[in-house]
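Listed below are the structures to be examined.
Both of the next two complexes hold subunit A, though its partner changes from subunit B to subunit C.
Let's look at the complex of A and B:
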């Protein structure tokens, strides 16, 4: 009996060693990356909207078909493929309130369109209060 | 049925001296858990395009340096402007492959960075491989800033927008027109064919409104060239 227990213990230890090494190597699996300074979440955006101190303008950076299928309430479409056509509506919306915070989203974490749109809005319009929504539309 | 681990464990129990091989075994385990099967020739491509140039086909090549076949399970470009296409789906050990990428520059200007996430069936890899395309897509002309604005009831002072002709030959701008009579735009030539200035003045700042100012070049410019600026009372 003692021999069996000893074998089980040894087996468990032997199995644990590579498991611990693997867990250490892939430790990012267990960690949620922190938000970058210009990133936000749906929860934070909703809190900003409830606080009402700053008007929130949601920008949908996905392609036109995705926007037409579904989008966040009040979101305006703006993607680089149709930039010139869609930009005037965004400028109009920016002018509707003194202080407006823009939150740009695209599809998910692998989608870079929201960041590209945010960069271009900063460059072309000089608007600096812009956040990128981490996780995008699929994280709602 | 004895698993390899069971056999290994029993070996250690029956012959403690076999524990001497344990450090070597751990090194092998470590190497197995960190090895990447796909060895890419390059994961970044930089390209400086000419004005109006159609972008070439970009190739990312790799070799499967692992000891198992690798299946590409998903390819995800960061925008609809990229169309990545692998030459096949499964790559045997030692086999080389490539991802060909077409890049539609429509609507894109300036320094543009786009990525492609390549997911494979490798068990020990959580993150996809990331390929990056950095393109410099010069515009025939730069309008900066593209938007000037006045807060409601602030002084209706003139604000300026700079227009710079980039590279190539000179481009004469003949005129600038505002789509609203109550926001005027005057084109000032600083250096013929090279540098201009738009002076924009609202008649008043009582009413919120948006004007679109359009530049008229003397010669046609490549399709998609930005020729508009915005002036807004907000």
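Let's look at the complex of A and C:
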């Protein structure tokens, strides 16, 4: 048993050398990535809402159970599973106002639902002022 | 005639060693070039946060490659097999946990681009469990042979 532990230690040290070089090469991965041009935060969204220059429509891209449990004030549900049923309410909320900014959120940074919904909204409605909320519901 | 079973076991063990080395060499190489993608694959299991996932993503592929080569070095074989058996057992637990929680992710075992969904995860679970069992069997066999040689 002692020999096995010693061998694992040797292998771990040997692997640590290229791993450290790789970590140095990819050191930027340890920094928080900046916001993409189509990403926003809760703080920025709240600032937009306070400014009142632009109407904000929040879209909750999580599943229906999560939406029913809790959601941001005024947010409308829209997920790909129930797209056809939920989209009319979004279109109605958008109305004729061309200056409405849509902010889509899902669970957290790991969920892809908000981005998928944002892409589909851009494609189907032709609306371009759409942001994805980085960090999602859990970062509020 | 009496040597037939031991010869068969020896050939089986040799083939299994080659297969294990090949699988982990491929797994390591496929993940080295894109640590960010592998870190994200680990994060998607929702078990460890981003920083530990990054450390694992940068370190584990090199360990897998090191162990794949160490399998062919008699003085390091036991350690390599023990580590790979442990790794495979951990992968098995991770994948089983993802399945139990209904996560729609790919296993991330061979870098990015793997299939997602329950069926793909079940295949990954079976593969990880099989790898753990084969590594454990090879380790046990190697230890038995080593103790046999020591008694001579």
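Going forward, the second predicted complex is superposed on the first by the 107 of 140 C-alpha atoms of A that agree within 3 Å, B and C clash if a C-alpha of one lies under 4 Å from a C-alpha of the other, contacts with A are read in each partner's own complex, and residues count from 1 in each chain.
Heads up, the rule we're going with is that a contact is a pair of C-beta atoms (placed from the backbone, for glycine too) under 8 Å apart; a residue touches a chain by one contact, two chains touch by 3 or more.
Remember, predicted model here, so these are calculated numbers, not experimental data.
K.L.:
Which partner does A:16 contact after superposing on A: first (subunit B), second (subunit C), both, neither?
P.N.:
Second partner only, subunit C.
K.L.:
If you stack the two complexes on chain A, which partner ends up touching A:68: first (subunit B), second (subunit C), both, or neither?
P.N.:
A:68: touches no partner chain.
K.L.:
Go through the superposed model and pick first if A:123 touches only subunit B, second if only subunit C, both, or neither.
P.N.:
first
K.L.:
Looking at A:47, would you say it contacts subunit B, subunit C, both, or neither? Reply first, second, both or neither.
P.N.:
A:47 sits against neither subunit B nor subunit C.
K.L.:
In the superposed arrangement, which partner chain does A:92 touch: subunit B (first), subunit C (second), both, or neither?
P.N.:
A:92 contacts subunit B only, not subunit C.
K.L.:
Which holds for A:4: it touches subunit B only (first), subunit C only (second), both, or neither?
P.N.:
In the superposed model, A:4 contacts subunit C only, not subunit B.
K.L.:
Determine, under the contact definition given at the top, whether A:36 touches first (subunit B), second (subunit C), both, or neither.
P.N.:
neither
K.L.:
Is there a shared patch on subunit A that both subunit B and subunit C touch, and which residues make it up?
P.N.:
6-7, 10-11, 14-15, 18, 22, 26, 29, 110
K.L.:
For the complex, give me every residue of subunit A touching subunit C.
P.N.:
Contact set of subunit A toward subunit C: 3-12, 14-16, 18-19, 22-23, 26, 29-30, 110.
K.L.:
In the complex, go through subunit A and note every residue touching subunit B.
P.N.:
Answer in residue numbers: 6-7, 10-11, 14-15, 17-18, 21-22, 25-26, 28-29, 63, 79-84, 87-88, 91-92, 94-96, 98, 110-113, 116, 120, 123-126.
K.L.:
In their complex, what parts of subunit C are in touch with subunit A?
P.N.:
Touching subunit A: residues 32, 35-36, 39-40, 43-44, 46, 51, 54-55, 58-59, 62-63, 65-67, 70, 75-76, 78-80, 82-83 of subunit C.
K.L.:
Where on subunit B is subunit A touching in the complex?
P.N.:
5-6, 8-10, 12-13, 26, 29-30, 33-34, 76, 78-81, 104, 106-108, 110, 112-115, 117, 124, 126-128, 145-147, 149, 151, 208, 210, 212, 226, 228, 230, 232-234
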